[in-house]
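Below: a set of structures, written as structure tokens.
Look at the two complexes coming up: chain A is in both, with chain B in one and chain C in the other.
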Partner chain A sequence: MLRLACRNLLRNRTLSAICCASVAGTLTLVIMGNNLNHGTYLTMLEKGISTTAGHVVIQGQGWKDNPDPLKHRVEGATELAAQVQGLHPQAIVLQRTFLGGLLSSASNSVAVAVQAVVAQDERQVTDLHEKIVEGTWLQEDDSRGIVLGFELANKLEVSVGKKVVLMGQGKEDVASRLFRVRGLVRTGAAQADGFLAVVSLAGAQDFLDQPDAASQVSLHLDDPDSTDAVLAAVKSSLGNREGLEILGWKEAIDNLYEFTEVDRATNNKFMFIIGIIGALVILNVILMSVMERMREFGVMLALGMTPSKLRRLILTEGLVLGLASAVLGLLGGSAVTAYLAHAGLDYSGMMGDTMEMSGVAISTHLYAAWDLNHMAASTVAAVLLSISATIYPAWKAGRLQPVEAMRHV
Partner chain B sequence: MVLCLGAILLLASPAVAADNGKADPDIKELLDATDDLQRGDSSMAKVEMHIKTARFERTVTMTAWSEGTEKSLMVINSPVREKGISTLKVGDNIWNYLPKVDRTMKVPPSMMSGAWMGSHFSNDDLVKENRLSEEFSYTLTSRPPDNPEQAWIIELKPKPDAPVVWGRVVVRIRDADRLPIDTRFYDEDNKLVRTLSYSDIRELGGRSVPAKMRIVPADKPGEFTEINYQELKFDVSIAPSTFTLQALRK
Partner chain C sequence: MPIVQVQDLTRTYTQGALKVEALRGVSLDIEAGEFTALMGPSGSGKTTLLNQIGALDLPDSGSIQIEGRELAGMSKGELARLRLERLGFVFQAYNLVPVLSAYENAEFVLLLQGVAPNERRSRVMSLLESVGLKGMEDRRPAELSGGQQQRVAVARAMAANPALVLADEPTANLDSKTSEELLDTMQALNRDHGITFLFATHDPRVMERARRVVTLVDGKIDKDERR
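So, the complex of A and B:
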């Protein structure tokens, strides 16, 4: 049966080749597209994790729903950071405070998002210090230093060395504090360049009058897959401390995570439609070859072949064609992915060096990443779609009347 | 202080700082004089504020009550559209009451340097004054015979870590009657940012005071906000409940 099916397929090489090529091409495209997206999602999530959260974050109870440093914070942040560092020595542990405020210069004022960081530790996790276009990154213990997005500095009409005053809600009254501009960053993300101000944690603690408190203590891991294990360890170690929420990155940056998941689901729907189109090509080819072979089938039926065997023959043809195309497609997709994972796709000519997706700035040089589950699933789907595309032709062939079929020209 | 617009009280604040000693007695005397001139235990004023910007020009009249430097209440009388809008200041906090929607809003820190009622004064100008004494050091840079205006010129420099955006502030006080002429605000590059000037000296509430104050931003030619006192009374009796959120709604 299999031999017969193969022989049939090889008899009309052109038709089979076109069919095979279109299915393999579609599959290659699907795999390539998905792996490229997958790579972009990973970059985005990594960026989101490194800049605003961590693989495991410990923050004041209620911070996630209401990020207000006056209401929710981690007290005794230094000690807590040391404690979690002890739990997991290879992780990088950061303390950060996020607050909003109004930054004023003599000529203007802008509402800003302030990130208070431990400058030396921050360097190990984010690349903000590499994005300095003027001046320097914050030095250790520089509680008066501030690094501004360069658009923000333009709006305030200040340059490196000039003073700015941060105002915000303090413990009881309005708090204000003088900072000196140390450096300007250009990240490519409008949000960061226009509204980001980075100060040292000590500066923010003074400003808020919250000595040794931080919004968040976060662990950054080399191996993101170990998140769950580390999360469990941190939870059991800190379980007795009140007023903390301990989250894995999926919860901590749930907006971004959900965005990637929704986008992924949307893409999968598109790819499914592409798959259906591919299947229609197979349907067309098999249907044509069945019509072409009407006489032949008539003879076979007349010689005693049962309709069910004939149906199986045609389904087998579809299966063989599908399998061959899927293997080719998988190979093609893998080859393209391998190339794109290494060389990447450079859109910088079109969109500049960075682009902003869902509030996260990522490089426009996109790299693919291997999404093995999805590759396996789409390969299987290609085979299944090929087979299902042959159901109708097979059913049609099975209903042939030998006499009429033989008369068919 | 009448309107409690911080910029004017800038004059008053160094006087407080002078109590720390060391300062040139001339400055203390001078600033005390201007200070006492403006300060009563309490005051009531009717004020007209004229705002001119590139986009609009309008006039607002209001009544203001104050007690010390910490508490003040301003209620808009006209234009009709804005009648009843009130601003309450207690200490560092400002609340606005909007009668149309019957809502009291605390002005959040992020809006503190937003324009107050569309003028060239910011909300921050309203609250800042009582902190300035801690934030500036000052020197007398010119005495009356040395300059044509016959004025005392005092330069205020923010202390190194004081949360002040200005690079320096220069106050001129007329020798004859010890009334302020103007106050200039410079940035760190010594560029003039805005000028507050005083004129139209009149008898109001039994004292001779400048009835007109005008603030001019240096980078916006043609724009200004001018405040005219139409009526001013000192040491009036005001019910303590005036400066509460409940009263703000009435």
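So, the complex of A and C:
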């Protein structure tokens, strides 16, 4: 049966080759597209995790629903950071405070999002310090220094070395604090470049009059797959402390995570449609092949082949074609993925160095990442679609009357 | 008991608005071991009758029994099994599977029957030798002459040890010498193995050799002569 199916496929080599190339090419595109998307999603999530959260995040109870640093905070943040560092010595533990305020210069005022960080620790996780276009990153113990987004500095008409004043809600009353501009960053994200101000954690603690408090203590892991285990360990260790919410990254940056999942699901639907088009190509080829072999099928039926065996023969042709196409498509997709994972795809000529997706700025030089589960699923789907495409021709052949079929020319 | 019993068989084809009565109440018994020719002018119903007896087509009315088994009411699968195990076919246009070699064409029905590889090989080689195709086992139909292709078709028909071989104009596309050789082969198989042959033919060479000639005219049996 297999031998006959293979020979039938080789009978019209050009048609079989076109069919095989169509399906393999479609699968290659599907694998390439998905792996490029997968790489982009991973980059976005890594960026979101590193800049606004962590793989495991400890924050004041209620912070997620109402991010107000005066109401929801982690007290004794230094001691708590040391405690979780002890639980996981390989992790990088950060303390951060997020607050809003009005930043004023001599000539202008702008509402800003302030991120308060431990400057030296922050360098290990984010690349903000690499985006400095003027001046320097914050130095250790620089509680009066501030780094501004490039566009924000333009709006305030300040440059490196100039003074700005941050005003906002303090513990008891309106608070204000003088900062000196140490550096300007350009991230490529409009939100960050236009409204971000980075100060030291100590400066924010003074401003809010909350010594040793932080909005969040976060753990950044080398192996993101260990998140669940680390999360459980942290919860177990800190379970008896009141007033904390302890989250994994999927909960901490749920908006971004859901965006990637929805986008992934949408892309999968498009790819399924592409797969259906590939299946229609096979249906066309197998149907043509069946129509031109009507007489031969009539002979086979006359000789005693049962209709079910004839149907199996045609399904086997679909299976062989599908398997050959899937193997070629998998090899093609793997080769393109390997290239794109190494060299990437550079859109900087069209879009500049960075682009913003769901509030996260990522490089326009996109790299593919191996999504092995999706590759396996796409390959199996290609084979199944190929077999599905032969069901109708097989059914049609199985219904033939031998004498009618043998009259067919 | 006759190997074939046909009773009051009718078959009408519709070609557009035209109705063609191909068989009009044919009754015929064929005994085991016969070498019988169905003759008659074109359109007399020879091929239609052969197709009905071979379970390749369904009658409008009447009854056909092969070795006492009534064909009416059998499923497609049962009819296929009957053709596979009890009947052999030789067609005017040879009808070999073009992607299979001479050996594989002859082997085809044995594969369908599930015969063991060693036995398949010995039977097919022996048959190809008996029809004079030794050494041509690996040739595909396109690499064989018409006569050689028809010999492969005979070997294929004989491979499953059928009780009855139905041959529709088997010599129509062959030259005289090849026709004589092919008929010699079939006659030998009839004589030596007791296989029943039923021909639909115009060929006088077949009729010369036939021990019974049934003449059809306008879908009815006109004459039935035994020699």
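Some points to look at:
One rule holds for everything that comes next: the second predicted complex is superposed on the first by the 409 of 409 C-alpha atoms of A that agree within 3 Å, B and C clash if a C-alpha of one lies under 4 Å from a C-alpha of the other, contacts with A are read in each partner's own complex, and residues count from 1 in each chain.
Keep this in mind: a contact is a pair of C-beta atoms (placed from the backbone, for glycine too) under 8 Å apart; a residue touches a chain by one contact, two chains touch by 3 or more.
Owing to the predicted nature of the structure, the values given are computational and were not obtained by experimental measurement.
Taken together through their common chain A, the two structures put chain B and chain C side by side without a clash. Within the superposed three-chain model, A:A189 lies out of touch with both chain B and chain C [touch as defined at top]. By the document's definition of touching, neither partner reaches A:M271: not chain B, not chain C. Using the contact criterion defined above for the overlaid structures, shared-chain residue A:L138 touches neither chain B nor chain C, since it reaches no partner. In the superposition on chain A, A:E296 makes contact with chain C only, while chain B stays out of contact range. In the superposition on chain A, contact of A:T306 is made with chain C only, not with chain B. In the superposed model, chain B and chain C sit 150 degrees apart as seen from the Cα centre of chain A, a figure rounded to the nearest 10. In the superposition on chain A, A:V165 makes contact with chain B only, while chain C stays out of contact range. Using the contact criterion defined above for the overlaid structures, shared-chain residue A:S107 touches chain B, although it does not reach chain C. Contacts of A:V118 after superposition: neither chain B nor chain C is touched. When the shared chain is aligned, chain C comes close enough to touch A:L4, but chain B does not.
Across the superposed structures, the minimum distance from chain B to chain C, using CA atoms, reads 83 Å.
Note: no residue of chain A belongs to the chain B contact set and to the chain C contact set alike, using the contact criterion stated above.
Here chain C touches chain A in the complex through residues 51, 54, 56-58, 76-77, 80-85, 87, 89, 91, 95, 97-100, 108-109, 112-113, 156, 160, going by the rule given at the top.
Across the interface of their complex, chain A is touched by residues 91-93, 108-113, 124, 127, 161-167, 185-188, 191, 193, 219 of chain B.
By the touch criterion given at the top, residues 100-102, 104-107, 109, 111, 144, 162-169, 173-178 of chain A touch chain B in their complex. Remark: chain A residues 4, 7-8, 10-11, 295-296, 299-309, 401-404, 406 touch chain C in the complex.
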